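The chains carry the letters A, B, C and D, assigned in the order they are written, with residues numbered from 1 in each.
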Amino acid sequence: MLAVKGEVDVYTAPRLRERLVELVTEGKRKIVVDLEGVDFLDSTGLGVLVGGLKRLRSNDGEMTLVSTQSRILKVFEITGLTKVFSIHDSVEAATAG
Amino acid sequence: MLAVKGEVDVYTAPRLRERLVELVTEGKRKIVVDLEGVDFLDSTGLGVLVGGLKRLRSNDGEMTLVSTQSRILKVFEITGLTKVFSIHDSVEAATAG
Amino acid sequence: MVELEIPAEPEFVSLVRLFVSSLATTRREIADDRIDDLKLAVSEACTNAIDAHSDSDTDDRVVVTWAEGDDRLEVAVNDSGPGFDLATLPQHPPVTDPERLNFERGLGIPLIRSLVDEVDFKTSGSGTTVTLVMYCGPAEG
Amino acid sequence: MVELEIPAEPEFVSLVRLFVSSLATTRREIADDRIDDLKLAVSEACTNAIDAHSDSDTDDRVVVTWAEGDDRLEVAVNDSGPGFDLATLPQHPPVTDPERLNFERGLGIPLIRSLVDEVDFKTSGSGTTVTLVMYCGPAEG
């Protein structure tokens, strides 16, 4: 479980990338990224999530996302990434899935 | 009683001046200005309060202020206006005074 | 017209967002989700402008200009980077293709295009200006 | 250095305050009440700069510049107004004097002086630049 807070943009996304790489390196294979605390997410942030998913899948793992905020979901929709990620309403739903 | 909210600066102070003039014109002689909802007060705002006090006193009236916020009180202190206004902790205290 | 000039560094993009959302909120009748759209589009354009400067070690600047028309907001983002050719940007495989995961980038311009009502790119070897237009209600007050 | 250029109109002073508090919060180690002090001082300087333009109907601009030193923040407010003579500013009667109530103005510059650590006025017939300095901790990150 990784809870992301605040703004994810070109300045802060590298930190998120590092955290994801760390988790995979530690051997985690199922990662739930909780985006409920995120106020802003841009294409750099999306790119980091796509990169994390790719890294996990190539290790037989999976990443699921949690978000109910329309402004965050909208960014996934516009870019077609709702078809790539499974996005859940709650951490419970994401963990069960 | 006049509750002031938001920012009182060169842009918004004219509205406060109008309200004070209106109240005096309506015959009000004791005005309590509640500054608890004020986030920002500058010298233009102070000037409007001084102007209101002057207008009231010349009509045998009085103005009292309510404020407990240190950043607002500080502005009165620096300008020496704590000696000109009576500033209270609550509307009750201001009305009793 | 209001102008904000920042160093071409990632840490200043959040200031640009604040600049845009503050102006949009106080000056025009515009729904919150449209403000979010404009904020994201300007942020993407700024990120690209800053990226365009990342190779140079000179004291590069990005200039964001806010202008208003009767029925629109116009935000222009200008950089002095090397410019680019819109026509030759790589196309992504469809999202259903597993290959799609190889593309962590290239999402910015498509996002910009779908978030705002008009986009104009002026780009040359000495810099790029991206102008984003959003239609909106009349001036406040 | 970061620069914000606004029309010389009262409605833009709130944007200047946001600019200053956002930069101060994100970039330096500085206590909240010191940020409030800087914000108020810059706001006062901007109000004066805008007032200085109130007689002219040209498209006048006020420029606010943010700069950082190792141990300080420097915010400069520049206008193209007529300038003034600091030495001949009217003095107020002491606050205890009933006459004090005749002065609704003239509080800005005394406030500025007591809120920041250094103030410098450069003023001529073609404009004024007020530079406000606040000492602070080192750069973040």
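Convention: contacts are C-beta pairs under 8 Å (C-beta built on N, C-alpha and C of every residue); 3 or more make two chains touch, one makes a residue touch a chain.
The structure presented is a predicted model; accordingly, all values stated were derived computationally and were not measured.
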Using the contact definition given at the top, which chains are in touch with both chain A and chain C? none
Starting at chain B, how many touch steps does it take at minimum to reach chain D? 1
CA centre of chain B versus CA centre of chain C: separation in Å? 43
Could you work out how far the Cα centre of chain A sits from that of chain B, in whole Å? 51
Between chain C and chain D, what is the gap in Å from one C-alpha centre to the other? 30
Among the residues of chain D, pick out those that touch two or more other chains and give their numbers. 11, 14
Could you list each pair of chains that touch, in label order? A-C, B-D, C-D
Taking the complex as given, what residues does chain C use to touch chain D? 1-7, 11-12, 14-15, 18-19, 22-23, 26-27
Give every residue of chain B touching chain D within the complex, in rising order. 7, 9-11, 40, 42-44, 46-48, 50-51, 53-54, 57, 70-71, 74-75, 78-81, 83-84
Touch list for chain C against partner chain A, complex: 10-11, 13-14, 17, 33, 36, 39-40, 43-44, 47, 50-51, 94-96, 100-105, 107-108, 110-111, 114-115
